[in-house]
Amino acid sequence: SDKTTIRIGVQATGTLAWELSVLQGQTKDIDFKVETHPVATTEAGKIALQSGAVDIIVSDWIWVSRMRSDGADFTFYPYSTTSGALMVQRNSAIHAVKDLKGKRLGIAGGELDKNWLLLQALAQEEQLDLNASVEKVFGAPPLINEQLKQGRVDAALNYWHFGAKLEAQGYRQLIDGKGILKGLGIQENIPTLGYVFKQSWADSHKKVLDSFFQSSKKAKQLLCASEPDWQKVIPLTQADDVTTQAKLRQRYCEGNVMQSGIPEQQVAERIYTLLRTVSNNQLTGKSEHLQPGTFWSQD
Amino acid sequence: MLISLRTAVPGLSLLVLLAVWQLLAVYLNSNNLPAPLVVGNVFWQGCLSGQIPYHLGVTLLRLIVSFSIAMLLGCAIGIVLGRNKKLDAFFDNWLIIFLSIPALVTIILCYVWFGLTESAAILAVVINKLPNVIVTIREGARALDQDLLEMARSYRFGKRKTLLHVVWPQLYPYIMGATRSGLALVWKIILVVELLGRSNGMGYQLHLFFQLFDVASILAYTIAFVAVIQMLELLVLKPLDTKAQRWRR
Amino acid sequence: MLISLRTAVPGLSLLVLLAVWQLLAVYLNSNNLPAPLVVGNVFWQGCLSGQIPYHLGVTLLRLIVSFSIAMLLGCAIGIVLGRNKKLDAFFDNWLIIFLSIPALVTIILCYVWFGLTESAAILAVVINKLPNVIVTIREGARALDQDLLEMARSYRFGKRKTLLHVVWPQLYPYIMGATRSGLALVWKIILVVELLGRSNGMGYQLHLFFQLFDVASILAYTIAFVAVIQMLELLVLKPLDTKAQRWRR
Amino acid sequence: MIAIDIKSKMYPAKGRAGHHLAIAELQLLLQSGEFVCLVGPSGCGKTTLLNIIADLDRDYEGSVNFKQHQTHPKIGYVFQNPRLLPWRTVRENIELAIEDNSSSENIDALLEVMQLTQFQHVYPERLSLGMSRRVAIIRGFATNPDMLLMDEPFVSLDAPTARQVRSLLITLWQQRPHTVLFVTHDLREAIALADRIVFLAAAPMKVIADMAVPIPRSERDDEQAIETFRQQLLHDYPALK
Amino acid sequence: MIAIDIKSKMYPAKGRAGHHLAIAELQLLLQSGEFVCLVGPSGCGKTTLLNIIADLDRDYEGSVNFKQHQTHPKIGYVFQNPRLLPWRTVRENIELAIEDNSSSENIDALLEVMQLTQFQHVYPERLSLGMSRRVAIIRGFATNPDMLLMDEPFVSLDAPTARQVRSLLITLWQQRPHTVLFVTHDLREAIALADRIVFLAAAPMKVIADMAVPIPRSERDDEQAIETFRQQLLHDYPALK
């Protein structure tokens, strides 16, 4: 077959794998071939993209902008708006961000975690310097979950599927990324994750890429709407209990990029500036503005 | 009687280890330390499904190739640096630098430059392991017995004979040390290498289980690897030791 | 003249390395390998802002503590196992097992059991490093000169004197090997330990940069560490070497 | 008095070499303060015997009894090879063997006699073999032992030095008579020094002759009396020729 | 003919030990096929000299010239200590030193004379020191060298064995006269073996006497002629006493 091949770096535990499995089930509708390349971590995905082993990975637009400012020609197309969440014990006394004061907070991914930075910005609006007033515990996501379960931290800010797993086990979600943005006065649905690929590659594969995006959208809808398709995906969730599976599906579907996807430039710019100030340039790099071309547009 | 005791002791020590593990598991009673039986079961399932043999095999292949390259090159360079003061003065710096470059850096650079290929992965392991071998063997080469070297020279042993019969046996304990602790090191590095750029192997799998916090599976895979290393020790290293140490009184 | 040459060679070798790096950077012209100057700049900024000294300090502290514990314990156990065949037969198995348990597993278990605390981190490093030290020193202890030990016994040196004056100097090259390659190993492990569960230190920082794929910063931090190790080598290990090797002809 | 009664000393089989019966049924009585020379072919087990007496080798059948001494007596063992610690200087090597560091003048005197004063701070690798041997002899003397075991101690010494060292040994022995067991291949030396000479045969080691020396102790080994006694010995035991 | 002309041999200063002038202005001519004994006090530089001749030490001023030989001649060096490879058996140690492995009968014969046949497959750690020395001697002989350097080779041999080995040495030398440089402290042995004896003094090494021996070569060192010549020597050079 002379179908164009798209090579995609897929994290074994990520939702992209679900989608692709549905998508690949519909070979007759699509005019391209997907070649999945399993990667273990997000970093492994980035390496794969840089070394040219894959064409597309899933990552975030802040990173894309940062890399662009360093001369790389990556670009971003929205994939999901799901974001991490702040979890506490069901009967915890913590009910609002300001209750975190003096508590032990577990944070996945380190001090440049976007949710953590935005949470700090939100607390700032309430005149609370979170960075100084909570006892931070950074660690790998699974360890952070474990810490919460063992009661070694009072709250945990973790990636969304770790949050979902906690939720299925009866933990309470205090606030999620979307909620934090709302609190900061940003109502728009901003994508957190997206397909990232080389601009040059995209330019020469416009048609295929477009049809890939279409198919992926369709796959998403199938996953959320059709029971048989979901059943096929269940083993990929790597969760044994139905509650967790359901929670994962729910969170995943909530994150669907319903609108055309491209965020309004000035909203993205606002978040960018926010992250830039809170992280003291560390997350975004030197560039004062979101790099033009960070968001890919077909035309 | 004596011989049976000698073979019994290692078995006994294994049993004691298992008992300690079982006790700890019972005492902690959390799924952070599953009991041996649970892990054994997972291990067995993994073997039956072919998952463990597959990933173990892939990793072992990488391990053997990169370990052999690193040991051969490392011995050669180590001997040269240990015997040649001038070269040593020049390359000493490089050695220290390569010793202290984080594995992460070399792995990323290897992958980014040479692509996510098998050879890049192996190269990354070799680069990480090589300086360690060199440093150990260099110490050995510095401590060579001058008397015996002079003897070899006056009886015109030549390069090959000297290396084989005079230098090698003296380096043997260093090489054994580098082999044993080196296997462990390569194994540690290979896990990271696989984590960052391979789609199979123990490192890839272990990370998966870590994400799922599946300690039983992590331990099952660990057991598989430990078993292989034990076999290697019993079937290759121990007999080599016995043979090489025969001459000691 | 000779002395000035001797001090010039290491400098020269550094220059050559820098030149190679510069050439590679120019040739590849990608931000995956920034030029020395770029990295130097990042390094300088990091020093000025106090970031590098802070994280480096934290990591060094961990390194020193865990390295010292591992070396001391490792030497003691290594000597005992090397000299006592029975104990060795029993613990040999354990050693191999602990050698081949992946760093990931011990680190995770330490953190899970003892929380994301400083002592858990150090314990994890020690557990990873200890078997390597033991294995190397054990080889050394096995190769001890029987004649000198007999001499010490017949002149009633006692335990302390024998250890200090007869055993230690013979183990010296093994210990130096274990120190040099061990520093590198501890450094590699500490990075993972910090990455998985600490809120500061080089590993934590490197992971942040790694997430951002900021190779320049990664290299800048690497340089900081390499500089420290070089200092250690120049100010401690080299003089020790010279002192300890004085007696050689 | 020292009663040596070795039923058997066997070196275990190992590799291609079978086990080796080094000593069998050896009885030997040493009076305290006696100076005994052991003379026997190379490989007959002299070093093995000294090791057993020095308690370095416990892997034998039999017993070595030190009467008069509750514990094992202090032994100065001059090994067949020097066995100096290469990483300690000449002086340090000697001092390490002495339990009390008080006898520094004693060491000075010994170094002087052995013509090693200017080498006292030198590492053994920078000595000639004969010089290392002399250091080992000093070490044996300096410990002021109850018993002196000397395994061919004077082989690398030139004639004048050997004479001086023999004279030193005799002086030391006269100051404080201690039991000396002295291995040598040189019959003249044995006759000059010993109260008693024990002749040994090999495989396994056994005593073929044990005789008192009727000649006064002397540092010189080429006096006529010695030569005469030697001729007589060679005549009585042609195996020694 | 071998022309040795050493302007100076200096051991460099190191640690607390200053530099040491071992040899200064030493001229020595050896005829090919000559058997020369070196006699001198311990530490005078005999081993240093042999090392220079054997080309093991190139750090000296001066030259060693081998006439008749384009290249450096094949040398059999019996070191002062045995220097056997402990991880090779007796036989392997000997065979390794031989370039062609054809001379296995030769080795058998030598092992026989040295009474080591039954130890040929034993590792050196299981030998007595005297036995190791004998192995080293066999190694030196077996290479069939152009020149034989022997550094106190017979010190650990009992009298009968020593006589046998001397006899072997003489036989070998008669079969194929090669230059022998033989270090010994035993004047009788030197007189019995040598064509010429060179007496050395120490610090730095110099020749104090160089004389032909007017006595036929003999394996026995206690013949009357030897004793007479020795007495005369001691009389002429009291320093040797």
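Order as written gives the chain letters A, B, C, D and E; numbering starts at 1 within each chain.
By definition in this document, contacts are C-beta pairs under 8 Å (C-beta built on N, C-alpha and C of every residue); 3 or more make two chains touch, one makes a residue touch a chain.
Fair warning: this is a prediction, and the values are worked out from it, not measured in the lab.
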Chain labels contacting chain A and also chain B: C
Graph separation of chain A and chain D (steps between touching chains): 2
Maximum inter-chain contact count - chain pair: B-C
Farthest-lying chain, centroid of Cα atoms versus that of chain E: A
Gap in Å, rounded to a whole number, between the CA centres of chain E and chain D: 26
Distance from the mean Cα position of chain E to that of chain B, given in whole angstrom: 48
Rounded Å distance, chain A centre to chain E centre (Cα mean): 84
Chain D residues counted as touching two or more neighbouring chains: 14-15, 81, 123, 126
Multi-chain contact sites of chain B, meaning residues that touch two or more partners: 32, 108, 112-113, 207, 210, 246-249
Chain A, residues touching no fewer than two other chains: 43, 50, 140, 146
Chain C-facing residues of chain B, complex: 6, 9-10, 12-14, 17, 28, 32-33, 86, 89-94, 96-97, 99-105, 108-109, 112-113, 128, 131-132, 135-136, 138-140, 142-143, 146, 173-174, 176-178, 180-181, 183-185, 187-189, 191-192, 202, 206-207, 210, 215, 218-219, 222, 225-226, 229-230, 233, 245, 248-249
Touch list for chain D against partner chain C, complex: 51, 54-56, 74-75, 77, 79, 81, 83, 85-88, 96-97, 99, 123-126, 139, 143
Residues of chain D touching chain E in the complex: 11, 14-17, 20, 39-43, 46-47, 80-81, 89, 115, 119, 121-123, 126-131, 133-134, 152, 155-163, 185, 187, 239-241
Residue ranges of chain B in contact with chain A within the complex: 32, 108, 111-116, 194-200, 203-204, 207-208, 210-213
Residues of chain A that touch chain B when the two form their complex: 12-13, 37-41, 43-44, 47-48, 50-53, 140-142, 145-146, 238
